[in-house]
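Common to both upcoming complexes is chain A, partnered first by chain B, then by chain C.
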Partner chain A sequence: MITVNTKEHPWHKGMTVRTVIQEKGYTFTHLVVRVNGSPLHESLYDSFEIHDGDEVLVLHLMAGG
Partner chain B sequence: MDAACYARNFDAINNAEQLVLADKTVFVAGCGGLGGYVVEYLGRLGVGRLVVADPDLFEVSNLNRQLLSSHMNLGKPKVLAAKQRVQAINPLVRVDIHQVKITNANALSLISDTDVVVDALDNIPSRLVLQEACKEAGMPLVHGAIAGWCGQVCVVMPGQDLLDKIYPDAQVWQGDEAQSGSLSFSAGLVAALQAAEVVKLLLGKGAVRPTLVLIDLLRNEIIDIAI
Partner chain C sequence: MSKILKEYTYTPAKIDKGYSGKSLYIHVGDLRIEEKEVTEFMKEKFVGGKGFDLWYLWHAVTPETRWDSPENEIVMSAGPLGGITQYSGTGKTLVCAISPLTDIPIDSNVGGYYGPLLKFSGWDALELQGKADKDILIFIDGNKGHIIIEEADDLPEDSHLLAEELTSRYAENEQDKVNVSVVSTGSAAKHVLMGMLNFSFYDPRRKTVRFKQAARGGLGTIFRDKHIKALVVKYKGIKGDTNNPADLATLNRVGIKYHKQMHDLDDKQNAMRKIGTANTIMVMDKYDLLPTRNFQTGGDPDAYKISPQVFINEYLTQGIHDGCWYGCTMSCAKTADHFPLKTGPYAGQCVTVDGPEYECAAGLGANLGIFDPQAVLEQNFYCDTYGIDLISYATTVAFIMECYEREEISQEDMGGLDLRFGNAQASLELMHQMSRGEGFGPLAGLGIKKLKKIFVERFGADENLLDDIGMENKGLEYSEYLHKESLAQQGGFALTNKGPQHDEAWLIFMDMVNNQIPSFEDKAYALYYYPMFRTWFGLCGLCKLPWNDIVPADNYLTDTPAKVPEHVQNYVEIFNAVTGKNIDKEELILQSERVYQFQRIFNIRMGKGLREHDSAPYRSMGPVTREEYLSRQERYDKQLQELQGLDPSTMTLDEKIAKTRAYREKQFELLTDAVYKRRGWTNNGVPTIERLQELGMDLPMLLEIIKPHL
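And then the complex of A and B:
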């Protein structure tokens, strides 16, 4: 099990940041991702492996006023 | 003070607190979707002085969500509409306006002599400039932003630099609002949360939000995240 934005989410082998984004249905073009508190660049979403117990934070990048 | 107009504030805000609010000043950066509502809420609440900055004039595309916009004031300064609106509702409130963009050169000067700063801006670089000024001045910053059905609010205490975590790339100008637009209820909701945080800060009352609240009205999600 991992946590995504404070909610539990099932973990599976081979899970990447991209997988998490797809499984959670985050549709925004621009996202801010942190794994266990560390920021992750978009270029690593497909390759960065998520491990069981990881804490993933996915923020929609929004700046409208 | 003519307290009659504040009768329905009591006792959620008591008489002594109302007097405190009358002696406070809030700087509102941005007078569009968020800022218009923030000005409305704080003016009706009776915050004594509002300082409002926005360089823009109203455009047709503002009409879907910006409270202060109308067909009558297209092409007119947003800050002027803010002043006129508050004067019409609550003449006890003084509104000082600056039709300027927030920059490194003017931010510190603009927020001087105010008690709380509201980030109701529409772009990332200006938000970061405002955070830096607040840090230097030792002032709390109440941040809000929207995109489509979503919004976020947090209180940035001096030195926390929370916006650096929300906006890690200072070169990016906009977020997803460029694609998803900005909806009226998202603006009103986020502005209401911002106004509530402002009042708590001004009064030293209740619990100032320690987290980033993320709102997704389409997915029915409201979550608090420690960042």
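And then the complex of A and C:
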């Protein structure tokens, strides 16, 4: 199990940041990702592996109204 | 030639560090024109823009003043940063008055050239008081120092005709048209309470007059009630240092850094230069936030028909600079050019439509169940030229449509209009009725608060249902975001000074998706910081969009990416560079809070501004009807289990709706408690003397208002 934006989410082997984004249905593209507190550049989303127990933050920088 | 009623000459004040040091007072009833000194006290406590507006308005009115009282003023001011050309979004005018919809001060932040040209003509603010007995026009020539008030009976009513005519009249030639700006409204403003003001700027690339709107709260209605047909200002000679900043080099440095970000990153981020604020339509739909059919649900399978790509590919002119003030590289003021109208008095003509902004597509599209881009743009045009606030219009008509479909009112009650969701022709006819002052138009134009009462008393509608589904707070209609799942945004709309407009706080993603502010204290902090920060734009004459609709490439490395720290620092630096002061980011917030607390007390002075006035319709908090609950049943059932420990499988639908409602209403009250505490207010929403003392705002005139409530 991992947490995504502080809520539990099932972990599976081979999970990457991109997988998390897809499984959560996050279609907005302007994101800030942090894994266990460390910021991650967008170029690493496909390759950065998520481990069981990781804390993932996927912050949507939606400017809004 | 129109009859001249009054002439006045003056020596235009030289701008010094963002201020002219003078404001202009015009009584349109007795044609009195006076100059006032802008004092150091005003600059210290109120900064400018909306702060100056509220200060003058306070002294103009009494607690008994209503929107149509002669003493009610329309006040406008550009703020000390207004008119600089080095940074994006710096040409805003702030407009205030006692609103016909809310009976308290309304403030609107508008682009176009009027405010900066007014300041460069020598005036930090303009007060318009009294009522003329016939239609008038007020022309300010900022180069010559000459003001003329003249009769204006012969001028057209609708903005797109009126502003074109006046721009041509006062410009010496085609090149001179950019030096003229017109404030006007339209033919509907005489007949509705949601009339708005158009602020013009001439677009030399399209060779047409363009508009931005001071839309909210009925400013256009007051304008026409005063029999003002138009304001015109002309000033020639704008340069990079016209604001006479204290430190031009810093202004240039910060501006160049910002413009490079815009050039390098906008295409990868929000594409503001291609589509403007409408870029978010499909994002809102995917995240269940696009208000659909009177805020019942947050999306629709047909939303793709009004997607940004549809507008880009089929309607909006691309590749032309679209700033509404010089130097704005965000360039988000898009247009549909040569747009053929199909209805109304201008049917068959091709016009330039300024838009659609997000609020237009969401409000006049999804919230009315109209997924037809042509109809969205045609409504957009007519709202603008008729002088109708399209947000109040859309939210009001969505309410009417739901009342009709639920058989709370009949087609006969609406004078025969078939105002059901999706009927664009009926909506357009309603607009034309507003313009002509005929049929159901003027009644609909009263806005939701008054309509609720009329529908109950005159048509026998269910009062409780109408209170639940009528999306207004303080008398102002909600802007176009579905926010039931964001408790923080429920507060962001309802716990506001002027009513539910999104320019105080927009916390939906931070709260609902990012889960960054889980506790009441977290939400209360956000509902302190963001309203204060965003108020500051209105004090200085700035646009909000350049703050966070583009962010630096390394913003993700910061501790608080939602605040966009580098851009906050930019604002600190350009404020200091213009004014010569030495504020930091903490003082920036305090500058805003002084005005924010002042406005709250102003509301109390007008008989509002207490906790009871911050209440919200239940539709803004949760599912009112069975259909709403069932449309998101999995979500709501899960919340019953996880948040309340209930077993939804053993409950009836009505029991589930009732339990959900009780829980959510309690959450809103707890949020209100936390926000009031964080803002330094009593549990009844009254600013405390202690907080005012800390801010240096313990002015006797304010203490006199709050003491009876403490």
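One rule holds in what follows: the second predicted complex is superposed on the first by the 63 of 65 C-alpha atoms of A that agree within 3 Å, B and C clash if a C-alpha of one lies under 4 Å from a C-alpha of the other, contacts with A are read in each partner's own complex, and residues count from 1 in each chain.
Just so we're on the same page, a contact is a pair of C-beta atoms (placed from the backbone, for glycine too) under 8 Å apart; a residue touches a chain by one contact, two chains touch by 3 or more.
From a predicted model like this one, the values you see are computed outputs, not experimental measurements.
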| item | value |
| --- | --- |
| Touching partner for A:47 - first (chain B), second (chain C), both, neither | neither |
| First, second, both or neither for A:39, with chain B first and chain C second | both |
| Which of chain B and chain C A:7 touches, first, second, both or neither | both |
| Overlap of chain C and chain B interfaces on chain A (superposed complexes) | 5-7, 25, 28, 30, 32, 39, 57, 59-65 |
| Touching residues on chain A, where the partner in the complex is chain B | 5-7, 25, 28-30, 32, 34, 39, 57, 59-65 |
| Chain C contact footprint on chain A (complex, rising order) | 5-7, 25-28, 30, 32-33, 39, 41, 57-65 |
| Residues of chain B that touch chain A when the two form their complex | 30, 32-35, 120-124, 127, 144-147, 150-152, 165-168, 172-177, 179-180, 182, 212, 214, 219, 223-225, 227 |
| Chain A contact footprint on chain C (complex, rising order) | 269-270, 280, 283, 286-287, 358-359, 479, 481, 502-503, 506, 508-509, 513-516, 518, 545, 548-549, 551, 555-557, 561-562 |
